[in-house]
Amino acid sequence: MIQEKYRECIEACISCMNACNYCYVSSLKEYELAMLRDCIRLDRECAEICAFTAEALSRSTLFAKEICELCAKACEACAEECSKHGHQHCKDCADACLRCAEICRKMSAAAA
Amino acid sequence: MIQEKYRECIEACISCMNACNYCYVSSLKEYELAMLRDCIRLDRECAEICAFTAEALSRSTLFAKEICELCAKACEACAEECSKHGHQHCKDCADACLRCAEICRKMSAAAA
Amino acid sequence: MIQEKYRECIEACISCMNACNYCYVSSLKEYELAMLRDCIRLDRECAEICAFTAEALSRSTLFAKEICELCAKACEACAEECSKHGHQHCKDCADACLRCAEICRKMSAAAA
Amino acid sequence: MIQEKYRECIEACISCMNACNYCYVSSLKEYELAMLRDCIRLDRECAEICAFTAEALSRSTLFAKEICELCAKACEACAEECSKHGHQHCKDCADACLRCAEICRKMSAAAA
């Protein structure tokens, strides 16, 4: 399949999308909601950018380099915010984001 | 994780998105392009609806029933078209579509 | 243009997406954040479904009937939630949602 | 509204998405289909990136600079391909792409 070279990156994006969306839904239910404003916003931002990146790679986008770099930046920003909070969903999200960022950075460099 | 009940369906949607997009890109390279007009169009249609469904389930959408039913319809239409053609990418796409349709139908019924 | 029959509906979806996203960003900044949990979630839900609907109609989707019906439901649910709150961004969002729901209902019926 | 500064750019992205999708659907119906392989692929690429950009700006994305730059690149590539063909839908698409690219470049610079 043409997307074989993208498989690892697509999977990392989907895992990260799931972790961000889980953190988003969970954060909206937390008692200390006010502390999580930026977390909620970045979770959505990162989830939507990961979903977009996965679909773009899946169709063998002509802009893999730029899109993977964008995705890496969003993942890094979301990881930084989530790592400030002690909730398990935030920790899990930060981990997924850092992993996705690393794979996207490699993909972006390879597509250069 | 909140999306545990959606995991199988999200994975089927991503697999189907990948198969549809691979069939799309491959069809655009075929010599007998004119026979594949409907295939190309349905591949895109189904890929985008599968991507949307996966992201919606991932955020625990309030409209899982309706979205999974829509996705099942798109998958069935794409499978029907792809099964008319002998290319391996069409056969693989039809298989992925039928599997995704079945899982989406079950999910839609469960969300009722 | 082929999408001429969809123009009004595409525009209503984009207006509604903008109103929902504005309400979303504004709600996340409100002091009484806890009262707006459902509003935030429905704003995102409705914004993403409206964006998806607009793009689908723009590509002359084969599933206009189903997608417009889904969009109408999401708009109605978001309008119901937003109309519970006194913020101007909630009122504006409810108005945009009701208008979009009405146009999507008509479009869905016409596509039957 | 918070997105006021993004209004012109959101509108240009939606117009470009519509023109790309119209060119896409029209190209798939042309007799000389084989000449339009790259046009079809770039139309889809550009339409999806424009739709993503509009939604991202609408939610006041934190990555406006990067996303608008990506969108400008996609629009320029699509304009270049479409300007090779004599069909009216290709010419209209190229015009919409060039206009959107210019506005996205300005937005990207302003968001720097």
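Letters are used for the chains, namely A, B, C and D, taken in the order the chains are written, and counting of residues starts over at 1 for each.
By our rule, a contact is a pair of C-beta atoms (placed from the backbone, for glycine too) under 8 Å apart; a residue touches a chain by one contact, two chains touch by 3 or more.
On a predicted model such as this, the values are computed, not experimentally measured, just so you know.
Strictly by the touch rule at the top, which chains does subunit B share as contacts with subunit D?
A, C
Take the average of all CA coordinates in subunit C, do the same for subunit D, and state the distance between these two points in whole angstrom.
Roughly 23 Å separates the two chain centres.
Residues touching two or more other chains, restricted to subunit D: which are they?
Within subunit D, the residues that touch at least two other chains are 25, 41, 44, 48, 55, 59.
Could you classify the connectivity of these chains, where an edge means two chains touch, as line, ring, star, complete or other?
If you draw each chain as a dot and join those that touch, every dot ends up joined to every other.
Going by the contact rule set out above, which residues of subunit A touch subunit D in the complex?
Per the stated touch rule, the residues are 41-42, 44-45, 48-49, 52, 55-56, 59, 61-63, 66-67, 69-70, 73-74, 77.
Show which residues of subunit A lie in contact with subunit C when the two form their complex.
Residues of subunit A touching subunit C: 25, 28-29, 33-34, 37, 40-41, 44, 48.
Where on subunit A does subunit B make contact in their complex?
Spelled out, the residues of subunit A in touch with subunit B are 1-3, 10, 14, 17-18, 21-22, 24-26, 47-48, 51, 54-55, 58-60.
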